[in-house]
Amino acid sequence: MSIPTQRTEQGSHRDQRTHVAALHNELVRYALVAWTSGNVSERVPGEDLFVIKGSGVSYDELSWDGITVCDLDGNVVDGVRAPSSDTAAHAYVYRHLPEVNGVVHTHSPYATAWSARGEAIPCVITAMADEFGGPIPVGPFALIGDDSIGQGIVATLAGQRSPAVLMRNHGVFTIGGSARAAVKAAVMCEDVARTVHLARQLGEPLPIAQADIDSLYERYQNVYGQR
Amino acid sequence: MSIPTQRTEQGSHRDQRTHVAALHNELVRYALVAWTSGNVSERVPGEDLFVIKGSGVSYDELSWDGITVCDLDGNVVDGVRAPSSDTAAHAYVYRHLPEVNGVVHTHSPYATAWSARGEAIPCVITAMADEFGGPIPVGPFALIGDDSIGQGIVATLAGQRSPAVLMRNHGVFTIGGSARAAVKAAVMCEDVARTVHLARQLGEPLPIAQADIDSLYERYQNVYGQR
Amino acid sequence: MSIPTQRTEQGSHRDQRTHVAALHNELVRYALVAWTSGNVSERVPGEDLFVIKGSGVSYDELSWDGITVCDLDGNVVDGVRAPSSDTAAHAYVYRHLPEVNGVVHTHSPYATAWSARGEAIPCVITAMADEFGGPIPVGPFALIGDDSIGQGIVATLAGQRSPAVLMRNHGVFTIGGSARAAVKAAVMCEDVARTVHLARQLGEPLPIAQADIDSLYERYQNVYGQR
Amino acid sequence: MSIPTQRTEQGSHRDQRTHVAALHNELVRYALVAWTSGNVSERVPGEDLFVIKGSGVSYDELSWDGITVCDLDGNVVDGVRAPSSDTAAHAYVYRHLPEVNGVVHTHSPYATAWSARGEAIPCVITAMADEFGGPIPVGPFALIGDDSIGQGIVATLAGQRSPAVLMRNHGVFTIGGSARAAVKAAVMCEDVARTVHLARQLGEPLPIAQADIDSLYERYQNVYGQR
């Protein structure tokens, strides 16, 4: 573990905290959050640290100093704000999934509605096959305050392509190779949660064959975007 | 009761009226109100007064002088606008609930839909356990114009953790230790009203055990945010 | 009938056209319109004229010269744009309802959904009793191009308190003592159409007694707002 | 086929690329797209070329150089971005439908929900008769990566008035005489997909007689707007 950085007037890791603060704007833009709920974190490259939103900090006021630096046990290392009450869950993910560098949590309404029924979102649109490679699974009910939520996230995502999990009666956690990728997964999770909800309201969506899901997922992960 | 302040060009309690005027922007931002409906009030610290939105004043034009100062019987003490037509209900709450310093009223669409069916919102998501500590209850049908609405609010919230009540066929009233806290409750009320509505559209939400609701509520009220 | 004003570089009735152009922003703000659909008109005080949005003019570009001046038969008197394709309907209303000074037409989604089923919106929330004084009625199916739509509006609103009518399979027309009042009615019509839709999705809304509807309507029309 | 333009610092077809970049703002404004999904293309007048959004480019950063110039086989002719992963579908449409000069693709939520059930949108509101002249049809399920999607679009739209097709389990493609016209069709497609969805949630929409649909379509195509 890294030696804790001293708290200074300037603040350590200021560029990364500024970047993560700005990423929270996407949660607001896509209406994934209400009031101060929701949070984004990102692992600090090359250090056993991550940066995460302060608890209950307003999105309007969120700049670098609204983001707190924690070690991988969730202890504060630098910052003027108490970290998110979900810090233990983020820390657990970083300790157990070394390839994950970004984590996002929201209570976005359509995805949370699926979670309240304990129902996985079936993969019935191609955009969902692209991004999630199959259904978005449901994790267990877990109380905040210890490692239960983190354990539920890690256990549920094991062996799944999906970077999103619906924690039962709670909301969404997404993971990614960067905070930006996890934010994208949170945005797309709500988007497909809504579209599949709408489809189901008036009947049964048609299935997509597993081979087609596989083909779409492979292509999107390897061909889409700029290389 | 305080001696009524004289009306002056400057206006009394201008800082608090400016603050309460600005809080109304949150009702607009979260689409809790249409046209001029909805209102926020706040008790004046140390005086038997409160400040409240003027009746039918446009949100675009709302600055300190769109907020009127009333005594706890709802009589105008200072201001250039007739106060909200809901002033009697706010006044009743301030007279009977001394710990309440802020009241908000909206017709936010999902919460009002529950109220039109006379149905309490069941506590099936953790964000609702956090903020409301149980179901959001339904108050009686009451006509505007006397103390009926205020009585319904106070009687319904007695013995409940919820800072929100759905007045039947009408809309939402929320209370708080400050106007800001009551506004937060109004925002979160619509947020959970929508999520639980969406969950119910496609089946039955899973219940959360009462002990878990209690645990979530205790933690959120005591640990969340900055201390 | 007034003598047609000459078309000039400056344009006649420029202040009123500027005012009516600006009122269209409310249709955009409340998402009542898509692309160039929807229109607002207003009678010219003291003249047998009204001003109305140009046909297919973009809301982004709408200033005074996007508004055309017509006589009460719908003939263009001044303006650089062909008037709305709904001009005949507006003109019919002004000819037959002398107390009406503003007309608005939208295809706002929830209200249009009720119109597509040919179903009046029942008066089950107090905000609807306030503004509409009862149900929002459905008018006949009518083709554009002659007086059919105008006749349907006028015949349906006769003997109703509601300033809004749902034209079958089509959308909403609202009337008012000014263009601003008709715009307010269009905003509130969509608001209550949505809330009652949401209420109905999960069960049956509770009725409001007719005497209570009457009482709410009387009070709102006479007491609400600034006098 | 035109001789490929050299890539220069300045970029070829810069005015048209600026115009097409700006049209993407309408997809954002009407919430038809999430994150980087969706794309607009336009044929270059008088050349066997079209311009199209770069793959995975953020809407916030989209200016002329986020738009790539391709030949009608989808090969890049000029530009600094790999073109949309849907380029082959756009190219197929331009090769087979010479009257088409603009193509738009989105996963807009209500329209995509209809596509997930494989259900055409019935023509039950007059705005839909105006713009689409009948139902919005459903095309086949097709994988990305070859001409399958393009073939599905062209085959499904043959003999239809509708400028929009719902590709099964996927989303919307629209065509037009210009990119702007195709964008309008995408906006109106989502608008009517939503209204008819809402109508169907609470019962069965009333049909519009075919003769009335024909009459509305003829009028709108020939009379609406400025001539």
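Should a chain be cited, it is by its letter among A, B, C and D, assigned in written order, with residues numbered from 1 in that chain.
As a convention for this text, a residue touches a chain if its C-beta (ideal position, glycine included) is under 8 Å from a C-beta of that chain, and two chains touch if they have at least 3 such contacts.
Because the structure is a prediction, the values reported are computed rather than measured.
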Farthest chain relative to chain D (centres taken as mean CA coordinates): B
Self-contact between copies chain A and chain D, residue sets same or different by half: different
Whole-Å gap between the CA centroids of chain B and chain D: 45
Distance from chain B to chain A - Cα centre to Cα centre, in angstrom: 32
Of all residues in chain B, the ones touching two or more other chains: 201
Touching pairs among all chains present in the structure: A-B, A-D, B-C, C-D
Touching residues (chain side chain D, partner chain A) in the complex: 34-37, 54-57, 81-82, 85, 107, 109-110, 112-119, 141, 143-145, 168-171, 197, 200-201
Footprint of chain C on chain D - complex, ascending: 30, 124-127, 184, 187-188, 191, 194-196, 198-199, 201-206, 208, 212, 215-216, 219-220, 223-227
